[in-house]
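One structure, pasted below without further comment.
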Amino acid sequence: MNRILSPKISQKIMKGVFWGSGILTILLLVMIIGYVLINGLPVINFEFLFSDPIDSGRAGGIFPMIVSTIYVTFVALVVAIPLGIGGAVYLAEYAGESNIVKAIRFGSETLASIPSIVFGLFGYAFFVIYLGLGFCVLSGGLTLALMALPTILRTAEVSIESVPRSYTEGSLALGANKWQTIYEVVLPAAIPGIITGIILGMARAIEETAAILYTVGASLAVPVSIFDPARPLPLHLYTLATEGISMPNAYGTAAVLVILILVITIVTNALVDRYIKKMMGR
Amino acid sequence: APGSGSKVTVVGSTSVQPVAEKLATAYMKEHPNVKITVQGGGTAVGIKSAQDGTANIGTASKALSTNDSQGLTQYTLGQDGVVAIVSPNNNLTGLTKDQLKGIFSGNITNWNQVGGPDAKINVIVREEGSGTRDAFQDIVLGKLSNGTKVSFVSSAIVQSSTQAVQQAVSQDPNAIGFCSFADLGNDTKALSINGISASASTIADGTYTIQRPFLFLVKGDAKGEVKNFIDWVMGPEGQAILTSQKIIKSTNSTNSTK
Amino acid sequence: MTEKTEEKFVKWVLFATGLSSIAIILLIILFIFNEGIPAITNIGFFNFVFGMTWAPSNGQYGVFPMVIGTLGITALALLLAVPLSICCAVFLSEIAPPTMRKILKPTIQGLAGIPSVIYGFFGLVVLVPFMRVHYGGTGFSLLAASLILTIMILPTITSISEDALRSIPMEYKEASFALGATQWQTIKNVLLPAAVPGVITAIILGMGRAIGETMAVIMVAGNVVQIPGSIFDPVRALTSNIALEMGYATGLHYNALFATGIILIGVIIILLLIANYFNYKKRVTIGGGYL
Amino acid sequence: MPYRIEVKDLNVYFGESHILKDINININNNMVTALIGPSGCGKSTFIRTLNRMNDSISTFKKDGSVLLDGKDIYESKVDVVDLRKKVGMVFQKPNPFPKSIFDNVAYGLRIHGESDKDVLANKVEESLRAAALWDEVKDKLEMSALGLSGGQQQRLCIARTIAVEPEVILMDEPCSALDPISTTKIEDLIHKLKDDYTIIIVTHNMQQATRVSKYTAFFLNGEIVESGLTDKLFIEPEDKRTEDYITGRFG
Amino acid sequence: MPYRIEVKDLNVYFGESHILKDINININNNMVTALIGPSGCGKSTFIRTLNRMNDSISTFKKDGSVLLDGKDIYESKVDVVDLRKKVGMVFQKPNPFPKSIFDNVAYGLRIHGESDKDVLANKVEESLRAAALWDEVKDKLEMSALGLSGGQQQRLCIARTIAVEPEVILMDEPCSALDPISTTKIEDLIHKLKDDYTIIIVTHNMQQATRVSKYTAFFLNGEIVESGLTDKLFIEPEDKRTEDYITGRFG
């Protein structure tokens, strides 16, 4: 019995390592979020949130951008969630380990690594020009959907695969067909992981600039129809910051975006936690 | 959609975008039945959109090559100066054009060669294709005797926007960069060139030579509401806005970068 | 609709959704190749891929330094982010007090939603000056880009790994504890092996994010086209090259940027093949038996 | 009277291992058949073959045929879902869904189209009563089933299965985690059910086999050594190995 | 002789539910104690309290004390890992790791520092033999443990537990999925182990309790109704409810 470290010592060390990485992550979080909020919060007030920008955003508010962000993200998720979860269910439950599965998986992984700028150009060439949709919420939303898709698909696939077999068998033995089993037992049990995928995919869509630069237009007006151009928050922020229009308002815009995202993730996670507690009896 | 009487789309250069938006807002206030949407994308997108008709008006922040301008009518909104900038902590106030050329082409690498402290010069430039960069390269670096352009020093840091260049320069006392006069902020210091500082008057009369045009591009001839808008922009109201944005009407027609 | 046709219908719909990601990637590749191949034939494949100079205004198009730049930035970012993220995932799922976890997890996920531009500015304003003061040079560097990417991919790897860890049946954990295993032994010998498929997916998605990130890298990497001598030298990534110049490029230059995209996709595919090789080797089937 | 289930020359393999060898057995309608045999001899594998539960195991291969009401259940045109609706199953390891107790029992009813609340509530109560679980859980029907004790989970799975009224019920050691009282209740249930259903039960308890079953089959190393009327098999077994096993003189 | 385990005024709650009520029991060294009682009465909860296995359930609360060798195992300075190394446990639902059969048994040895291949191989064989599983699996030690039959999994978990030689062994229905032969072998094992170990076994089988245990405690609705020498408890129980239960006249 010779080992370099006793289990107790390695437990202590590793516990330290885990706490260390947890704390390091917290520091990073505090640094980044703090950086955005400290610079951005002073700008935020009722008027900033609910009025139109004046003078390209040097003054006034960001109301049209908030609407645009919600609108574009909504379009992206409406497309990406069904495609992602549907694809994941197919991969995990229907397809076995065939070549088509490997191809789909590989395709989605490649898709996940395509630079956002290429999505932007593709969106421009395909949605804007080829399909003739023009610069609009729909073109931007569809482009973002493509970006969010692989994250949702692969994450959902993993969580569906890790649902214990005994649940599936229990359902099948009651005469449930495959789809009922998936819908009633497998998906509910996989929900926490699927939600993580959706949140990550949504976050990707909500923060993306390059992909919408060439697709959504950059109109300062509030978009009404999905064929109207729009200017989501990150694009506005990008223009404000990189063209030197107004750094304070750029930070304010960023802070609004960060708060928006944090509220969504915190609420969603709380719901998921409650759900797990209820289902798993833990 | 393009062509419909009361809707106008303007697409292209991100440098022109802010001022175009301002123009559009003011115009729509006077003409409530007209809707003008202004979008970014870049000068190349502006040229393409104008050529293929995706947009009524394309915008560009540099003089077009004859190839690019095929079939397009160009309207010059005005001139934008390009200024060399350093950190406020840098004691230098001006350089000669030759010194500037030496620094950006890589022949001068230490501040003590131009009267500063003994420190390496960190050169920061814009990306290939940027209107600002083109203008600066053409005018400051010039061409070799065989006609090819003189290149920037290869170790130069590349930043992709006016603001990023200013940020980078403002924090590094040994850095030097350049940016649009219209967008010059308070964190950096513009250098005089050959003793002349950039200002509305020196740009307008051409004594400050580093400048480039902002363009509206229309396929064929402007018609209907597009024409109305451009006429308005070129008229007194439009020009007043342009001037307020430091886009300067040239009083001397020989200084174009063309 | 009878139940049986419903089943078939569902299966086909799901199949179609699965195919959509292949269709999309093929469309994108087609589009990039369509625009990019002319440049490669014009410039010559060898000159393009192994050329050392990128000077479009002089008609020189060589991307090799950028291939190295992309690989360097991505590798270093993964090297930093993977251990940190996995440790953080373990921390969240096994060690952190529940209330801490409840706050930390959504916040980390939220980190994924902060715009790249903000990361870029953060890097430009905080990180680059810090590096300049401490390590000399301009501060714009491969290391700066990798550090920013590390923070950017942390949420992806951490959240997906954490879910993989938490979905492991409680029974395995109990069995290990009951044998007198310490928490770390249980994590190392039972939980992590069972979570391997999820963790690898997390890493692959994180790698995708790192390799595809554009805006933030542009702002901190310096974008000098050169093979870096050290991690403190500035570099240009393939993605940055496309984004930097696309707004203005026309003609051959425009096509050459798409050709850069082709090279990037080639690099991605090679990296994914390597990653998947490990993935299939390591794939552990949990829930294999019945009863 | 035709047999309800006829198994002919059934061989089952998991990958390389030959698990069931030349199984031939006929199962009567409205009767209880018990399967006995040492651990690992293939009883679970056998009953899982009767509702095609093994299909989902990738290494599973079989030859021979299994007829239900004269039709081969492994024919390609057979609808597995219909088959499993007819042939219900209680698994050896209790496997409640991560849902509430109520939803576990209502699950099968709902997927078969029942949505009326009162009907569901009645049926759930009835099934839980039959499985001798009602009194213990009637106040916490909304609790997660995963918080139940081992035996409670087992009874819940029984309730879940009988709720959908299959025609054939396969039970893989339904009483293994149960105390004598609950066991008696389940045995009573089996007695009641046998008039209308065909029941196959795996058990390690010889007494239980004699109490509940009319027919018994004795499995050993993947073969059926002997099968026949329970009374006869336990009193005067034909095969030496059967005798050794039931008298505990085995191995 | 001092008691090995002393449980004093133990009350256990899961959230709002009061699961164990005022439990007082002393457990002797080198002896087998059986716990009996109807399903859901709290037996599993009780033995899981003895190695602090319930700690990981977030709603778990307890008061009262559990002393092992005179020291309260719930005191803050107690090292839970050491405790569990001393107090081993076989769970009610077999829970092998998703690893090979060999690795399952070797797991505990490895984490306690054994890395010598021969020692591991010997110890694994010895433990599998003791759990009466060796003959069935000796040719497929590298197979996933999840491919074993229910009873085989249960024996594997027993082998896994005894391999690390804990001083106290808690067994939650170790024979529930086993046939009589395997059961006899496990009981023989228990007989052998009891000279060196303290064993607590939950069983639903009264015969088993009388066969293996010296002491028995009867649980009902979270309380210990009666405890004492097995022979006495089964022959002349003091409490009416005990008598009803063991004679099957219950409920």
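In this document, chain identifiers A, B, C, D and E correspond to the written order of the chains, with residue numbering beginning at 1 in each.
Rule of thumb we're sticking to: a residue touches a chain if its C-beta (ideal position, glycine included) is under 8 Å from a C-beta of that chain, and two chains touch if they have at least 3 such contacts.
None of the values given here were measured: they were computed from a predicted structure.
Engineer: So which chains count as neighbours of both subunit A and subunit B?
Structural biologist: Correct list: C.
Engineer: Looking at C-alpha means, what's the farthest chain from subunit E?
Structural biologist: B
Engineer: Hey, which chain ends up farthest from subunit D, C-alpha centres compared?
Structural biologist: B
Engineer: Would you kindly tell me how far, in whole Å, the mean C-alpha position of subunit E lies from that of subunit C?
Structural biologist: Measuring from centre to centre gives 48 Å for this pair.
Engineer: Could you tell me the distance, in whole angstrom, between the mean C-alpha positions of subunit D and subunit E?
Structural biologist: The mean C-alpha positions of subunit D and subunit E differ by 28 Å.
Engineer: Measure off the straight-line distance from the CA centroid of subunit A to the CA centroid of subunit C, and report it in whole Å.
Structural biologist: Distance between chain centres: 15 Å.
Engineer: If you average the CA atoms of subunit B and of subunit D, how many Å lie between those two points?
Structural biologist: Those two chain centres are 81 Å apart.
Engineer: What are the residues of subunit D that contact at least two other chains?
Structural biologist: Residues 44, 53, 81, 91-93, 147 of subunit D touch two or more partner chains.
Engineer: I need the residues of subunit B touching at least two other chains; which ones are they?
Structural biologist: Residues 14, 41, 45, 160, 164.
Engineer: Which subunit C residues reach two or more other chains?
Structural biologist: In subunit C, the residues touching two or more other chains are 3, 7, 121, 169-170, 181-182, 185, 243, 246, 286-291.
Engineer: Any idea which subunit A residues touch subunit C in the complex?
Structural biologist: Its residues touching subunit C are 7-8, 10-11, 14-15, 17-22, 24-26, 28-29, 31-33, 35-36, 82-84, 86-87, 89-91, 94-95, 100, 103-104, 106-119, 121-122, 125-126, 146, 149-151, 153-155, 157-159, 161-166, 169, 177-179, 190, 192-193, 196-197, 199-200, 202-204, 206-210, 233-234, 237-238, 241-242, 254, 257-258, 261-262, 264-266, 268-270, 273, 282.
Engineer: So in the complex, which bits of subunit A are touching subunit D?
Structural biologist: 96, 164-178, 180, 184-185, 188-189, 278-282
Engineer: Can you name the residues of subunit A that touch subunit B in the complex?
Structural biologist: Spelled out, the residues of subunit A in touch with subunit B are 55-56, 124, 128-129, 134-135, 213-214, 217-221, 229, 239, 241-245, 247.
Engineer: So in the complex, the part of subunit B that touches subunit C is made up of which residues?
Structural biologist: Those in contact with subunit C are residues 13-14, 41-45, 47, 62, 67-68, 122, 127-131, 137, 148-149, 151, 154-160, 164, 167-168, 171-172, 175.
Engineer: Give the list of subunit D residues in touch with subunit A in this complex.
Structural biologist: 51, 53, 56, 58, 81-82, 84-86, 88-89, 91, 93, 95-100, 107-108, 110-112, 143-147, 157, 160-161, 164, 166
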